[in-house]
Amino acid sequence: MDERKLSKLLTEVQNGQRPVAEAVEILKSLPAEEMGFACLDHHRQLRTGRPEAIYGENKSGEQILAIVGSMLERGATVLATRVAEDKAALVCRTFPAVNHHPTARMLTANPLAADTDRVRGEILVVCAGTSDLPVAEEALLTARSLGQPVSMVADVGVAGVHRLLRRHDALRRASCLIVVAGMEGALPSVVGGLVERPVIAVPTSVGYGTGFGGIAALLGMLNSCAPGVAVVNIDNGFGAGCMAAAINRL
Amino acid sequence: MDERKLSKLLTEVQNGQRPVAEAVEILKSLPAEEMGFACLDHHRQLRTGRPEAIYGENKSGEQILAIVGSMLERGATVLATRVAEDKAALVCRTFPAVNHHPTARMLTANPLAADTDRVRGEILVVCAGTSDLPVAEEALLTARSLGQPVSMVADVGVAGVHRLLRRHDALRRASCLIVVAGMEGALPSVVGGLVERPVIAVPTSVGYGTGFGGIAALLGMLNSCAPGVAVVNIDNGFGAGCMAAAINRL
Amino acid sequence: MDERKLSKLLTEVQNGQRPVAEAVEILKSLPAEEMGFACLDHHRQLRTGRPEAIYGENKSGEQILAIVGSMLERGATVLATRVAEDKAALVCRTFPAVNHHPTARMLTANPLAADTDRVRGEILVVCAGTSDLPVAEEALLTARSLGQPVSMVADVGVAGVHRLLRRHDALRRASCLIVVAGMEGALPSVVGGLVERPVIAVPTSVGYGTGFGGIAALLGMLNSCAPGVAVVNIDNGFGAGCMAAAINRL
Amino acid sequence: MDERKLSKLLTEVQNGQRPVAEAVEILKSLPAEEMGFACLDHHRQLRTGRPEAIYGENKSGEQILAIVGSMLERGATVLATRVAEDKAALVCRTFPAVNHHPTARMLTANPLAADTDRVRGEILVVCAGTSDLPVAEEALLTARSLGQPVSMVADVGVAGVHRLLRRHDALRRASCLIVVAGMEGALPSVVGGLVERPVIAVPTSVGYGTGFGGIAALLGMLNSCAPGVAVVNIDNGFGAGCMAAAINRL
Amino acid sequence: MDERKLSKLLTEVQNGQRPVAEAVEILKSLPAEEMGFACLDHHRQLRTGRPEAIYGENKSGEQILAIVGSMLERGATVLATRVAEDKAALVCRTFPAVNHHPTARMLTANPLAADTDRVRGEILVVCAGTSDLPVAEEALLTARSLGQPVSMVADVGVAGVHRLLRRHDALRRASCLIVVAGMEGALPSVVGGLVERPVIAVPTSVGYGTGFGGIAALLGMLNSCAPGVAVVNIDNGFGAGCMAAAINRL
Amino acid sequence: MDERKLSKLLTEVQNGQRPVAEAVEILKSLPAEEMGFACLDHHRQLRTGRPEAIYGENKSGEQILAIVGSMLERGATVLATRVAEDKAALVCRTFPAVNHHPTARMLTANPLAADTDRVRGEILVVCAGTSDLPVAEEALLTARSLGQPVSMVADVGVAGVHRLLRRHDALRRASCLIVVAGMEGALPSVVGGLVERPVIAVPTSVGYGTGFGGIAALLGMLNSCAPGVAVVNIDNGFGAGCMAAAINRL
Amino acid sequence: MDERKLSKLLTEVQNGQRPVAEAVEILKSLPAEEMGFACLDHHRQLRTGRPEAIYGENKSGEQILAIVGSMLERGATVLATRVAEDKAALVCRTFPAVNHHPTARMLTANPLAADTDRVRGEILVVCAGTSDLPVAEEALLTARSLGQPVSMVADVGVAGVHRLLRRHDALRRASCLIVVAGMEGALPSVVGGLVERPVIAVPTSVGYGTGFGGIAALLGMLNSCAPGVAVVNIDNGFGAGCMAAAINRL
Amino acid sequence: MDERKLSKLLTEVQNGQRPVAEAVEILKSLPAEEMGFACLDHHRQLRTGRPEAIYGENKSGEQILAIVGSMLERGATVLATRVAEDKAALVCRTFPAVNHHPTARMLTANPLAADTDRVRGEILVVCAGTSDLPVAEEALLTARSLGQPVSMVADVGVAGVHRLLRRHDALRRASCLIVVAGMEGALPSVVGGLVERPVIAVPTSVGYGTGFGGIAALLGMLNSCAPGVAVVNIDNGFGAGCMAAAINRL
């Protein structure tokens, strides 16, 4: 129920078209309804601002297929993460309009149109090593699906800091940076020392032994001595993409 | 805003006493208002059902004094936990009506009257060792402040299981049990195997080395092989008292 | 040995039918015997109050089949948890009376009859996300097998708090709530702030990265700032169902 | 060395005012110098964009005094965090222009002037409980010292979600939100579900037992089911303030 | 109730001196009574076999004084661990018969007489470094108070394995070894490879950084590749002494 | 080099048959040689006192087959742990004299003869639940292979403490107890409170969620409030059997 | 850009052959260029000093094949670690010049020629148990590929310290030692006490239960009481080989 | 027993001055004696190669005074770490020849003379931040006491990577590098990517929150993507100095 509908209801009461008791009944449910309304409004926002993401890990191919189908029917932006090869194939066979991104393990369709008037600039995804690419691409595709201009710089780990410095200009031009790294997770610290813009650090589970599936990288990033760095969950490229979009959207 | 006020508002609209636009404005703010109202109602519930607890750890003596003073003024039940000796002395000097419980490190005043018609039975606090007494008493005093009948059985650790078995009758008579233990935290498992009633397990930070400040006890309780056991935070006698009151209240 | 048998023994001594020395021998072993007796009595209680649960994870299909068979023979309530698809099929083929609940991975038979005179009200299971459903259903089916009235509200995570608020009435009506959530495990805190009744929080292993297989959710629940919340082990829907039944039973 | 100086040097070579060998010497050190230049430039940026922060924890009062004195001399923005009462008193006695913020344990002087043309809007600090205020104020004062408009909403924990909802408008108006919470750290999830703007989550070490000095809150925030949330180190109000300034600055 | 009393009761019943109903009442309470009896018997055992240990950490000087006084009155073996300097002084001033062991932070009195007929041989405490001595002495004094012959070999850490090998004979002669070590905790592995007798490993909290207050040593000992090694809690010299006494006692 | 050879060498020097310089050379290398000799002696001890155990987890069936073959050839006691089904089958097909114990996942042959004159009494393995049986049997078979009399009591978990108490006599008769439990690991505490003999606690990885693969049980055992309890690694039935044999052997 | 090119550029400016503005443009990009140059130089170093290692864990057989092919084409040293059986077979089928080391799971080709003038001596790999061999061989083959003389001593765990002592001479002769051990990880401490040369400790994930996949060994090594020991990541034989080469290279 | 004494003994046997049986007795105890000899020899090595370090943390001022006194008497190199202010003052008052280094909290005397013929080059200590200086100086002073040439570069953290790059020449000239850093511990990765020489990484406990007292830095260093890096315990400057000396010594 939006303001227009509320005016209409009250006018009906004013006109005697609707008895007071009936309006009371309708409005009594309004806290929830209104919440629902807020919620719908919020959902609408979400539809325009953020894709309705499908977390594919624990869902069967059939379940994903059904959800995607229903989303396509109402023209929604489709953004599914962590979709295994075979489940992706199933969806794409049925809905050829859906794009499969094997590295990122994602499915996308109906991305939001990029509106350069409504963004601060270009988001840059900085990826430490080739093993971190799946997470970096998840971040990139999420931001792109949300209508954000976004590009990537890859293979610029801290053990060869010159490779990173050679990209100094690209780093500085970005309006917001997503820095993806596993192992010791030191890249966001170095990048954060080179730029003025907000840095979203994404630890990945790449590594072994005391990498502890990304905990070493996570701790490295949380303890970064560079200010202007904030962190998302391990391997959470999707969350980083959403955060970057929220920052870049005007 | 309750149903009566809503009817009145709508009747005013119907009667032309209040323009539609004005009613729209009032009703638009209703979700928050209603929430605020719910909130007040909820707070009233809290005042009758649960004490407004003051967590004394991070507060200065002056801050506690001010809060207690304001609560006494409106006749509220006072229940302050983790109050250091000197802060407690400060409060009691100013407000002689406030009781100080040094072992539990608590201050109480205006406990809710025990209403035996509104409770299931008597809550029993079972305490493993003498070092666990501060937490056990915090649980007992919290429940008592909430108008619950409650008693305690102490020094019945699992390494002398006969001492516990001798209290079998008391254990079975209780309507709800709070079992407080540190070190290996095995007591709730043994108690849970002897009674049919709900057992609230409270791990304490008593122990050393691999006791890890209560983590060993916590894990012992979470992994209890006895069903009908649920756990609260380490040293959280207050939380256990609240849970027991919620269970025992009809 | 019950009171009747004890009287008989003493009467035999009184009558000279049994020498004192012989009675001493019998009674000397009484602590254990009596314990056994208590134990039997306790077991009986267990049979009426709690199902003899079979933990299916480490058992072969044949072992489960044998236990279920023996339980059905004596008319016991059957409640098996964590039963894999193929083991469940094996049992159901042999005993068609056994119900298989694939989502909850449970087998049930002969549930206790619900006796509304002996319960406080209806238990409500609140489930955060669809991935938490297996644990939520385990809780629901456990409570139901124990003769408890129980219903469920699903997909009401904290990131869309309005969906939860819309169910405020249902939440308040429940006599006891089981709140099941993974990831950050914040739902019990929000629910605990809305109701007066005891809340049993169940962390699930749903999530990734720093979710640490349910530890993040567990810690979130143990540190809940809402009083009246207690927690069970990760994914322990069965334990939550038993605790709720113990609370709801009069 | 900036572009202007470089032109001058080359012109001197062109004019024969400076021999080639001498210019080679100067330029040979340029990678470092240039780096230094970048660094100076970067430092200048820092001076305009970020305060030169002094981390007071491990420094003596005398050390802080000396650094602050040298900063005041060159008119720099002073921003010192984690300064104990007595060290702060020492500094303020000598330099009356320095402001002491006891709750935040900070010293500030010469904040950057707020330039509303260069910011996106107003940053909002949302603080869960009164014990979280020191961290929340550190974030607020950091952002303010960096020339950002910033305000605060306090005492809106998730256990009384209505208090938060009543501030829905304020939440939505903010261009960027810093959400500070200890214990279970659930507040950023709820806030993140209500707004479209980027949320910087700050876990605090408030709590006890399994709060593990802020780890529970940190994990809760990293596992937030609301997108658009990123996290900084435990108690790192300074880092959150820097990140918010980086986001809000145009 | 012991056998003699039981016979007497039954004889009274036989003689008609005591009605059956009355005997039933008495015997019905027997499980507890008998347990109490077992418990007393068990306690007697404890008095002969194990000292009634006082854990001094959380007790006030006055509390320790009271307990020691009551124990001395009934001639019990006194064994108090973790007694701070000032508390120990208080006790010794009042009861000059009590011995204070400052390194071990223990108080002892009335040790059990060593009965060489009832032991397997001599217990040997092996101590890695001088910093581990407090724990090693706690183990030694505990065993000695329990009537065990015991001696010590000190400063034989693994980084100078020759020092240990020079004591090979002493190691082999011992009937049971208590090996105390902090840091990497490797000593029990090396000792366990040199002797045939049971080795009780005691990790100490000596070390820093990743020693984690004894966890590194504990893990080292639990993962010992030498068979015949079992471990007690960090710094638990008392527990090791009890275990060694239980092993050495015939 | 043994005493006889040494005498011979010295006699040769005395007789002038061997020059001093040559003898010096031979004796200079003696520390290692002697060590090797000690080592052989030690090995002999090991052969009589402890089986040469084969840890089967990381070995191929062919490797196990080869080692077992070589051991059988020289008549050694064979004791292989953690041998998978198919590897065991391979070995037994080739060497029918080898026994396969599927529950314990062990292979044994040529156990040491039990010599009742050289043992203190009978070892008792106490097993909490049926899921703990593999570890309990590994302990039992290890002790038996080492020539120890050993028996088992199973399914006596703490949640039904009466079942344990009924076995009180068996517990007290044992010369040494191995107590095997998973989940909360409370059984050794209860057993340790009932007996005077040494208790070796074996945590198992049975459980889920916060059981953390045996860590909860391990911590429960390390923090046991019953003295006379020491602990081995998670699932380390072999180590417990060796420790028990070392204790029971005279 | 080296000094010669820089002189040339400046002379061109001096001669008026190149306008100042153009020289400014060239020199402005110098920091990165210079860095890139440094980087190339650095890369050359890497090619002569260290192999370009391929981490095979997350790469497909095809990817490894492509990289190896390109390296062979330019005659580079090939060193691939963690290559699964089938991927190795694929590579070797195509490039017969590539050696497969199944235990170490490595592929090598074109090792650097050993130049005894440029090394300090021979590196010695000391391996605790047979299960640690894969990691030990990875270290050995890495050092050998880097042109280092290297040998191995195996099966010298601390539980039989005599076996190690018998190799005392070999240990002392080495110019640098790599000590590989799992379980309690005590071997580097013992070795470090016997030699004067640097010891690189490599924890392996061999073990179970509280071995925690190598953490126990890692902590044991980090807490070594022997000086002259430094540690690499769990199972990181490659890193140890590189470190040893860096130490041994003159 | 050294070679000379052994010759003497054998000559006595040859001369008939000492009966064979007596010589056998003496030589039988030789393994230990010889070990003791080896040990003395080893100790001598230690005296020439490594200082006899005193770990001052757990020792009283009097104990340190006594040890230092005894060392000075025999002209030994004194190297005491973690000596509190007041203990250091006590020692220096008595022995003016002892130097106190307050930042490093060390006492030194009689450093080994630097012998440039016996070293590879100069060790370089690289220190990330001023708070890391105590650990960096402990490393520097340890190496210097061991006769090593050593210098330091300070305040070159990764968040301002240009400061580090400006020191590139110094980094490359060093024969071995000790890199000291807290917080995210990324500096060794960056340094390791710039040099060919061995890098010893020292994590410090500098930081807060998820720095976990140095664990974040430790993990960052263990997971370094740069080869040629090995790690010592948190805050272990002494160990790093010993390792560097072992590497640098020829």
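Observations on the model:
The letters A, B, C, D, E, F, G and H name the chains in turn, as written, and every chain counts its residues from 1.
What we mean here is this: a residue touches a chain if its C-beta (ideal position, glycine included) is under 8 Å from a C-beta of that chain, and two chains touch if they have at least 3 such contacts.
Source: prediction; values computed, not measured.
When the partners of chain C are compared with those of chain G, the chains appearing in both lists are A, D, E, F.
When the contact pairs of F-H are matched by residue number against B-D, A-B or F-G, more than half turn up again in A-B. Averaging Cα coordinates per chain places chain D and chain G 40 Å apart.
Mean C-alpha positions place chain B and chain H at a centre distance of 55 Å. Averaged C-alpha coordinates give centres for chain G and chain H that are 25 Å from one another. Multi-chain contact residues of chain H (touching two or more other chains): 31, 35, 38, 42, 160, 165, 168, 193-194, 209-211, 215, 218, 222-223, 233-234. Going by the touch rule set out above, the chain pairs that meet are A-B, A-C, A-D, A-G, A-H, B-C, B-D, B-E, B-F, C-D, C-E, C-F, D-G, D-H, E-F, E-G, E-H, F-G, F-H, G-H. For chain B in complex with chain F, the touching residues are 128-129, 157-161, 165, 183-186, 189-190, 192-194, 207, 209-212, 215-217, 219-226.
Interface residues of chain A facing chain G in the complex, by the touch rule stated above, are 131, 160, 162-163, 165-166, 168-169, 206, 208-211. The residues of chain B lying in touch with chain C in their complex are 38, 42, 45, 49-50, 53, 120, 168, 176, 193-194, 196-200, 218, 222-223, 227-234, 238-240, 242-243, 245-247, 249-250.
Across the interface of their complex, chain G is touched by residues 31-32, 35-36, 38-39, 42, 55, 57-58, 203, 205, 213-215, 218, 233-236 of chain F. Across the interface of their complex, chain F is touched by residues 3, 6-7, 10-11, 13-14, 16, 20-21, 23-24, 27-28, 30-31, 34-35, 38 of chain H.
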